[in-house]
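Below: a set of structures, written as structure tokens.
One chain, chain A, links the two complexes that follow: it is found with chain B in the first and with chain C in the second.
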Partner chain A sequence: MHSFGYRANALLTFAVTILAFMCVISSLSDSLNSPSPSAQVQVLNMNWFQKQPSGNDEVSLTLNISADLQSLFTWNTKQVFAFLAAEYETPKNSLNQISLWDGIILSKEHAKFSIHTSNKYRLIDQGSNFRGKEFNLTLHWHVMPKTGKMFADKIVIPGYQMPKEYR
Partner chain B sequence: MGFIGDTANSFKSIQLRPALTQLINLGLIVSSALMIWKGLMCITGTESPVIVVISGSMEPGFQRGDILFLQMSKDPIRAGEIVVYNIDGRDIPIVHRVIEVHERQDSGEAYILTKGDNNPGDDRGLYNGLHSLQKHHIMGRAVGFLPYFGWVTIIMSEKPVLKYILIGALGLLVIISKD
Partner chain C sequence: MDWQGQKVAEQLMQIMLLGFAAIAFATGYIMGSFQMMIYIYAGGVVLTTLVTVPNWPFFNRHPLKWLDPSEVEKHPKPQQSVNANSKKKPTKK
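This part shows the complex of A and B:
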């Protein structure tokens, strides 16, 4: 009844139960945090705007992204993955989302930033709809916890427009 | 009496009833494990509700040996989500982040491009000639995360001997345990 194996088993079961309980609690504690992030994005320049030989429009932008994501960090946050996506609608597609820039933020100190960059990934349309197109720039963030549930949110910044002519 | 009686007595001493009880216990353990797995499949709607990360392409977010909980709902796939996809002709599913989505107005079909956070370029080279992923390639999206526990399965799949030793030892333990 009180053999070594029996006690070892009881201890292991107890340890795993406590560990699982702590994981659940720390994941739940994330939902107590109500973050208030902010973001501003400026399109500083449309570097060039072309139609590819394949018929798809491609544009190159220079952006200034400044954001304050510090309030997303809690004790259970491993990293915040932030990215800026261009979002627009075309006659063929109800939604187009194209990531332009992304970054991995590992600590609260680096969560307030201002970056001057051209688009890291190519901004290519499915087709040729970019001339004069209005689009949103959306800053998304995905919070990866040390353990537990992942969560995500975004700030939509509307009112950007593509050039009217190729250049 | 003599020989036949002795044989019969020694046969009785094996005690059929406790042996059967142990066998049923073993069966119960196996079938409840199976029930939990199948139940999870029903709740999450994906073939593999739990997967283990085996590559470093999503570091520092996911490291080798971390466990991911997957879910497959009817919600459309959006940029930024971490999805698990499987291309025909590849034996291992890949866990990467969606960086581009084009969703059709009429059919709702989505054309998806993915990239590993730690990889320099996007995944087009992994698609076996396809230009983008579609919904039927997606097995699920990652919703939860548990570090380190996946090492158990990685070690067991790389050193199969350990797996047999562990299964054998557990089976033996169930059979010989008295309560």
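This part shows the complex of A and C:
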């Protein structure tokens, strides 16, 4: 601590070390938060359902997605990425996940929403398994913090069924 | 900066930074504002820099008391014996 430069260096090093430590504690403080999110999805309409010339089934849905993800937000949350996926089982794959809608939620005020939309991304099967297929709609979310560990979780909403016939 | 001043400066730096970090974290957590935490801590670092980095007169209150030159004259250094072998490393003075 004998010179100006030495003191400046020591202070900067110590200050940055403490800053890193504060960031770690901020990340740990996230685990004190026990979120209770909720989500409802209604399939309002099956717009059309057909077999592509390539042999894959494709369906178009109109959805109403309402969710309350406000409890996911803490002081250390930068944004939440949420997406709705159709999940179903086929003989070929034990789990098929097809993203139908996604969104980035930047603030707690926008984390409670109700959206009326047709599927943003096309819902196409690998093959022709959709007729009468039961599927889940699952709302996944990834919490992106300002510093530290990312969190991911989901709500599974079971009990949807594809039409029996093409139309 | 004298020896005592250096010790005080280092301790002051550490205590102030830790104190500001604790205040910043508590305030940020209670207000739910990460930004507030960073601003308070940044302010604390600047203040600590101003207090501990420049050589304030405060740090020079305990100057070293060197012996008076007349004292040296009273106790002269023992003369080094001149060594004939020049290849030998010169002894430390």
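Here, the second predicted complex is superposed on the first by the 166 of 167 C-alpha atoms of A that agree within 3 Å, B and C clash if a C-alpha of one lies under 4 Å from a C-alpha of the other, contacts with A are read in each partner's own complex, and residues count from 1 in each chain.
Note that in this section contacts are C-beta pairs under 8 Å (C-beta built on N, C-alpha and C of every residue); 3 or more make two chains touch, one makes a residue touch a chain.
On a predicted model such as this, the values are computed, not experimentally measured, just so you know.
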item: Chain C versus chain B on the shared chain A, clash or fit after superposition; value: fit
item: First, second, both or neither for A:K146, with chain B first and chain C second; value: both
item: Which of chain B and chain C A:Y160 touches, first, second, both or neither; value: neither
item: Touched chain A residues, chain B compared with chain C; value: B
item: Chain B versus chain C as contact partner of A:D102, first or second or both or neither; value: first
item: Geometry of the superposed three-chain model: angle at chain A (Cα centres of chain B and chain C, steps of 10 degrees); value: 40
item: Partner chain in contact with A:F81 - chain B first, chain C second, else both or neither; value: first
item: Chain B versus chain C as contact partner of A:Q126, first or second or both or neither; value: first
item: Which of chain B and chain C A:P91 touches, first, second, both or neither; value: first
item: Chain B versus chain C - smallest C-alpha distance in the overlay, whole Å; value: 7
item: Doubly contacted chain A residues - partners chain C and chain B; value: 146
item: In the complex with chain A, residue positions of chain B that touch it; value: 60-62, 78-82, 97, 99-105, 108, 111, 117, 122, 142-147, 173
item: Chain C contact footprint on chain A (complex, rising order); value: 1-2, 4, 7-8, 10-11, 14-15, 18-19, 21-22, 25-26, 29, 74-76, 146
item: Touching residues (chain side chain C, partner chain A) in the complex; value: 1, 6-7, 9-10, 13-14, 17-18, 21, 24-25, 28-29, 31-34, 37, 41, 45, 48-49, 52-55
item: Chain A residues touching chain B - in the complex, by the definition given at the top; value: 5, 23, 27, 78-79, 81, 83, 85, 91-99, 102, 104, 106, 121, 126, 140, 142, 144-150, 152
